[in-house]
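Dropping the structures in below, format is structure tokens.
Heads up, the next two complexes both have chain A, just with different partners, chain B and then chain C.
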Partner chain A sequence: MKRLIAIAFCMLSLCFLAAETPESIMIKVMEVQSSKSSALDLLLTLKDAAGQTRERRIQTLSFSEKGETSTITIFLSPASVKNTRFLTLDDEQWIYLPALKRVKRISATEEGGSFMGSDFSYADMDSTTYDADQARHTLLSESEESYCIESVPFSSSVYGKTITWVDKTTFLPLLVEFYEKDRTTLIKKLTTEELDIIDNRWITKKLTMTTVSSGHSTSLEILQAKYDLDLDEGYFTTRFLETGRL
Partner chain B sequence: MNKRITKDWLLIAGALLVTILSLLQIGKLRIDSSTDAFIPERSKVVQTNHEIEAAFGSLDMIVLSLSTDEPSILTTSNLSILETLTNSIAAMDGVAFVSSLTNTEHLGSSAEGLLVEKLYEGTGEDALLHLETRLEEWPEIYIGNLISEDDTMASIIIEASLDADLEQLLFEIQTLVASYTSNHIQFSLIGLPVVTQAIEDSLLQDLAILIPIVGFLIILLLYLSFGRFIPVVLALTCLVFSSSLMVGIMALLHVTFTMATMLVPVLLLIVGSAYTIHILSHFYEEEHLDSAEHINNVVKKNRRPLLMAGATTAAGFLAQLTSPLLPFRTFGILCSLGVLVSLLASLHILPAMLRLAYPHGVKKVRNHEMRRHLDPSKALDHITKRGKIPLLVLSLVFIISTVVLLPTIKSGTNMLKFFRPSSSLVQDTNLFNEKMQGSGILTVMITSDSSSSVLSPQFLTALDTISFGLEQKAEVGKVQTIVPFIKRMNEILGTEEESHNTTTSDFDFFGSPSLTEEPIQEEETFHDARENLYEIPSDPEKYGLESEEDLINLITQYLLLYSGNLSKFINDPLEPDALLVTISLNNTETEYLRTIKDEIETSFSQIIPSSWNLVIGGGEAVSLELTDLVTKSQIYSLIGALLIVFLLVFILYRSLSAACFALIPCLYALMGIFLSMALLGIELDIITSLLASLAIGIGVDYAIHFLSAYQRLSLIFAPDKVVYEVMKTTGKAILINAASVTLGFLGLLFSHFTPISRMGLLFCISMVCASLSSLTVLPALLQYHKPAFIKQKTKETQLLSRRISP
Partner chain C sequence: MKRIFLLLYLGFFLVGAVSAFSGFDAVFDTEITEEDSKKTNITFSGSVDINLDYFFSGTLETSQELDLSLLVASDKVETEASLRFETQTLQVQVDNLSLTYFSSWGTLSLGLLKKEWGAGDGVHVVDVLNAFDYSKGFSEDLLAMKRPEPMALATFYGKTSTYELFIKPTYLPGTIPYEGKWSLLPASFAATDIQEPKTDSLSYVQFGGRAKTIRGNLDLGLIYMNGYLMQSGYGNFVFDYSDPSNPFVSSADIVYTKTQLLGAESTFVLGQWTFMGEGGYFFSEDASGTDPSLYNSKWVYLGGIGYLHPASQLYLSLTYHGHFTLHYDSVDPLKLDVDYLQAYDNKAYGNNITLACELPLLSERLTLHLGGTYQIETTGYVLLGSAKYAIRDALHFIVQGAVYGSIEDTSSIFKTWDVLDWVKIGVSHTF
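== the complex of A and B ==
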């Protein structure tokens, strides 16, 4: 009998050890989406409530080291902003305007501003989920396929809370709901349309952000992607931004 | 007999039950005090506003203004209040956007480029100095919009989301503001949603005041007429029944309670009182021992004349069916139905109550007080016979004055004018209009045939010129467009002196990894930093560019930096094909609105290609459209009422000349209304425009009753005695009837709303004109013309010749 109790206790302990906490789930969500470096070719398709669509294309190069991320974003379309480049070096931002052929520093934070008129904000383009130290995560429910986790950010954020449905297999978000600061009004919904495997890693190939009040939506599709590249640091300089030379 | 009593009790119990059940429905009434409730959903301006709101968000702004009697509102303590209010409002449900001095970001320049910083940093005296400097840097955006030029007023601009519960939001803002007490700051809420809500709040309150006042006047009249309380109670029971039933019907049928339909119960009290007086006066006229038999005779004798009087009144109301405005048509139907209910109550419920109240008849008959003192028969007879020339002269003066002054009557549907000039809402709005940009809004949406064309420098420069021209007008507070934002970005980013090494190649990380091999091109310095670049870049050479397309690209790249924050001006931050111009007005008089709207339409049409589209919307455009519809409605309902009444009289007498004679008092009533409106400067609005057809419907009763009596008595008396005989009976009755209706309408003078009190005044004037012309002009003309129909004796005229009141 004692032996049986001991076995049951061990099994129970193992179960507890193996069980995911909301924090560990969200850490995994952040991990599977991060990489040391990446190059992405993105197509944004904006669709208004009447069904009219507009396309925007950008490419991004990102490089992370010692917790600091550098990103360069190059606008490819529409033609009017083609070759506009945007460099983010932690808290510094620089822009190259091809029409002026000049680089300018921008001292501003536009977390809540719309990215290129899309339903994604600048903050959404960075990340749509919170890390363990950024928000209080609560497991709301769990099914065979997914976890449903509520995240309330610790510090002031664009959103009051998010609810994320996380795929148990890939740990990629399947659906994210974004709420107002009152934490009850749903503002936007991010739906995963298509998953894919690139460079042996699962990625969200296509996802759609819908603004609830207007019915306006934006689909973001990864046309091409490369991860963990040996990117030259010269890409993330104002010199490259201005001259296009490493 | 017992069966009769049981039936009477059942009828009264049923009426009381219906009254209680109807009154219980009041909570279900859906109130809509906005002008939107009047204007048809399919009208062009409503569609335009929907289109604009779909692209640019809500058009109706709420403004919370903070004004001070100190030299400047820019003190740390005042700004602290402004900041707290701004933040609290931003956190409220239903708020899409809030803007004030304390949450606005300022576009400044740094040595390296663009510096986006808080307009007010909220950290002591330095912050104040910085704020003042920044306000001076970009006055085009801040002055008149967020702060007044004299620094004594600041505003918080609140945009509600399209699905917001405005009533709740305004309540929350009002509660929040009420929690602040400052000796130096006055808070006021301004804007169309605020006015609409104020009307809605006052609507039931107004009704709660008007009904008791009108009720009191009716009680007074009934008591003066009969000198006892029982008829007062019985008549009031009938009136409350019919008015309550109509309110119940409105609630059950989900009829929106608007400024027009709210008048239904009040009007029914007034109009219905005439019918009850009619029955009661005949009941008390003769001594009798058996009320049941007596009341049967009274009802039998008076059913037809009452039905005819009711038919003409209902016809006046039904003429509103010709109106293009749904609430007017609803008002017409409800009032007509109400008149029918009032008639039925007077013919069935009132007799039942009289039978039960006087089971043994009325023993002591008293002369009616008003009738005893009112005997103008001789005077009226004298005027008719001896005063033909003065009557003619007076009539001519009346007619000519009306014709001359008629065109001076203004139409207007400005909701702010519903309130008295001394009201805080009007005074706050006037102060805001004086110090800030103005509370009236017209919006111009320009749609191009291709994306980004609205960003062409040529168009934007022309837009800037028009905006500047409009802003020079005293009545235009501000013209808001995308132009200052482009100018500001050009001013900040366009200033450079040094040469630059650049590449013109396209970048594609996936397609051309050999980017490093791109040639370097040396660019020349293309302008002087000292030059003022607060302009739309329109000269390609000045900016080192080659074409207008390059300039459009430059402007688009500027817009990219605004991160979609210009959604109030362009429908897409990069490839806009629609642009919005918001014109704030401090004068919303209809005539001025019409002029400025035409001017805007003409000037904007000149700068856009023929393939582009231009529409004008906003709250004032709705007001203008509604004014036109109200004018149209007035004309249609007036013609409709005249035609219906003409046809009714024609059918009754089978004589065209009788129908023409019957219209004479109606025309005098109309002249009285329009002349008073012109002389007193009363506008034709959503309430006063209901009046003319109503006055025709009630006014024609006097003509019919006079003609009937004249016809009947001319068969008995010599021609020179007829008028006197008519005056002795029907003449007095007409005066009493007119007095009772006039007294009832005088109660409307106590309304909170200016148009309703004016309606009361005008109706009183119209009734005086209708009754006096029936008793002077009409008999004079009858004696002069001696129309043939007077000598005809028909069953109808026999019945109609009965007096209509004591």
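== the complex of A and C ==
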């Protein structure tokens, strides 16, 4: 009998250990999307309600160390912004304007602002989900394929809440709904359209953000991605920002 | 001198590069970016502008402008030529003709260059590398008003510091229009034969440098320049007394003032707020203020604050800037002293407030700009505004305008151009 009880206890413990909490799910969501360093070649296709499209292409390198993230981004198209470069060192940001051949320090707190006129905000480009310590997560429902989790940020954020459908296999977001601060008005929807495996990891290759009120949408496609690569520190300097060369 | 630059430029152009920088080519797989690299090895770009200008004095003008840029880039060398052709003047202007060599220590640029120094938003007091062209009034685009000047500019990079050294073998003064609707010549000089000295010789050599460093939220720069003031001085006046009751200046020589600048610039960012500062001392060859044809020494200062609204990306900036001329005699000024001629309301100081704002709308299809400067002593002002709508990424519809004037009837550049308020509509196609 004791042995049976012990076996039952162990089984129960394993069940508890295996069961996902909303926090552990969202931690995994963040983990599968994070890396020490990354290189992304991105194409943004902006589509207005009338169906007219405009394209923007950017490449970005990112490197994290000791909790600080350095990012350098270059705009490749359209022609009006070609070779504009952004350097972000933790909370500090500089822009290089090729027409002026000038580096200028700028305010980095434009989280809610539109990124290049797209439906993505600067905050969305950083992350579309919240970590366990950034929001209160609640499991709303669960199906065979996905978890549905509501996240209410602890501190003031661009959004009042988000609802994320997380793929059970890859732990990548399949759909994210972004709500106003009143937590009832839906502002935007992010839909995953294509997944891919790169460097032995699942990534969201193509996703579309739609602004509900205007019908305007932006598709973001990863043309190339590399993770955990050795990036030269020289990329994250004002020298590279100004010259475009190591 | 121009021929030497042209030959140098063409020489370097021919030895220029084989592969070009296109994003992070070294990081991404070549099979995808190789094609892009080939395309950008030689980049040909430009724009065609067709405008209709209406001056509220009743004049309607059309203008067409063609800008062409050729860029050849490699890992080590980048050559660039930018030309502008205007149908109104039928002249080709060189906007940039440069060669840049990239090395492990930094860069070396040679050619006809434009460079902006200073921390302010579109207005500076220590931006001394290029003189301005006032032949079309004020423009929102500070760089477009600058005259490219022959220079060599070396830039050295440290981990958080940048050091620039320049040498300009000659001197290119600002363009002050003496005739036409934008003329800034006082009425008393209307019949004056003005002689301009030749400044394209090595006797006008200028040099200087800037050191910039990053300290947390602060960018700090120190500037030194040994050269000439942009503003023209006047001397050797010859008076015509043929009508004794109404003598006038029949001839005058333009004189340029040799000066040294010790300056500083800083930018401090705190959240959405950006604080900008510039200051400096122009140590004139006429430090005692005794030569009426030369400008006296002066202090210059600028303080600005910028605010970025995170959600709308509305950017607003407010700048206070001015100068204080030393040894200025406001009680009994020589009426032909250049410091008096350039003074605001016969005061040793001049102070200005500049406001600028930019607002992107409709997913950045429409961009609104509004700027204005108010000259406190003379109550003169200029307001500049524009709306730029992207019909397509490469095709823009543009409405621009400017209003000049002064609240009180006090002489100033803004008052002089009071009748030149204008509005322009046009289309711009970039390729």
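Methods note: the second predicted complex is superposed on the first by the 239 of 246 C-alpha atoms of A that agree within 3 Å, B and C clash if a C-alpha of one lies under 4 Å from a C-alpha of the other, contacts with A are read in each partner's own complex, and residues count from 1 in each chain.
Keep this in mind: a residue touches a chain if its C-beta (ideal position, glycine included) is under 8 Å from a C-beta of that chain, and two chains touch if they have at least 3 such contacts.
Every value quoted in this text rests on a predicted model; they were computed, and no experiment measured them.
Colleague: Determine, for the superposed arrangement built on chain A, whether chain B and chain C clash or fit.
Modeller: Aligned on chain A, chain B and chain C clash with each other.
Colleague: Report for A:A99: first if it touches chain B alone, second if chain C alone, otherwise both or neither.
Modeller: Once the two structures are laid over each other on A, A:A99 reaches both partners.
Colleague: If we overlay the two complexes on their shared chain A, which of chain B and chain C does A:S107 touch? Say first, second, both or neither.
Modeller: In the superposition, A:S107 touches chain B and chain C alike.
Colleague: Touch test for A:R245: chain B only (first), chain C only (second), both, or neither?
Modeller: both
Colleague: On the A-aligned overlay, A:L76 touches which partner chain: chain B = first, chain C = second, or both, or neither?
Modeller: Both: A:L76 reaches chain B and chain C.
Colleague: Where does A:A49 make contact in the superposed view: on chain B (first), on chain C (second), on both, or on neither?
Modeller: first
Colleague: Could you look at A:H216 and tell me whether it touches chain B, chain C, both or neither (first, second, both, neither)?
Modeller: second
Colleague: Could you say whether A:A39 touches chain B, chain C, both of them, or neither, answering first, second, both or neither?
Modeller: In the superposition, A:A39 touches chain B and chain C alike.
Colleague: Of the stretches 289-297, 343-351, 361-369 or 541-549, which one of chain B hits chain C?
Modeller: After superposing on chain A, the clashing stretch of chain B is 541-549.
Colleague: Would you mind listing the overlap between the chain B footprint and the chain C footprint on chain A?
Modeller: 39, 41, 46, 54, 59, 61, 74, 76, 78-80, 99-102, 104-110, 113-114, 116-117, 224, 226, 242-246
Colleague: In the complex, go through chain A and note every residue touching chain B.
Modeller: 39, 41, 46, 49-50, 54, 56, 59, 61, 74-76, 78-85, 94-95, 97-110, 113-117, 122, 181-182, 185, 213, 224, 226, 242-246
Colleague: Under the stated contact criterion, what part of chain A meets chain C in this complex?
Modeller: 39, 41, 46, 48, 54-55, 59, 61, 74, 76-80, 92, 99-102, 104-114, 116-119, 158, 216, 223-224, 226, 229, 231, 235, 237-239, 242-246
Colleague: Which of the residues in chain C come into contact with chain A in the complex?
Modeller: That would be residues 21-24, 26-29, 32-33, 36, 45, 75, 102, 106-107, 114-116, 143, 155, 157, 159-160, 162, 214, 216-217, 219, 267, 269, 271-274, 306, 308, 310-313, 360, 363-365, 390, 392-394, 430-431 of chain C.
Colleague: Contact residues on chain B for chain A in the complex?
Modeller: 54, 91, 93, 105, 110, 112-117, 161-163, 451-452, 493-494, 496, 500-510, 515-516, 518, 520, 523, 543-545, 550-554, 556-558, 560-565, 567, 572-575
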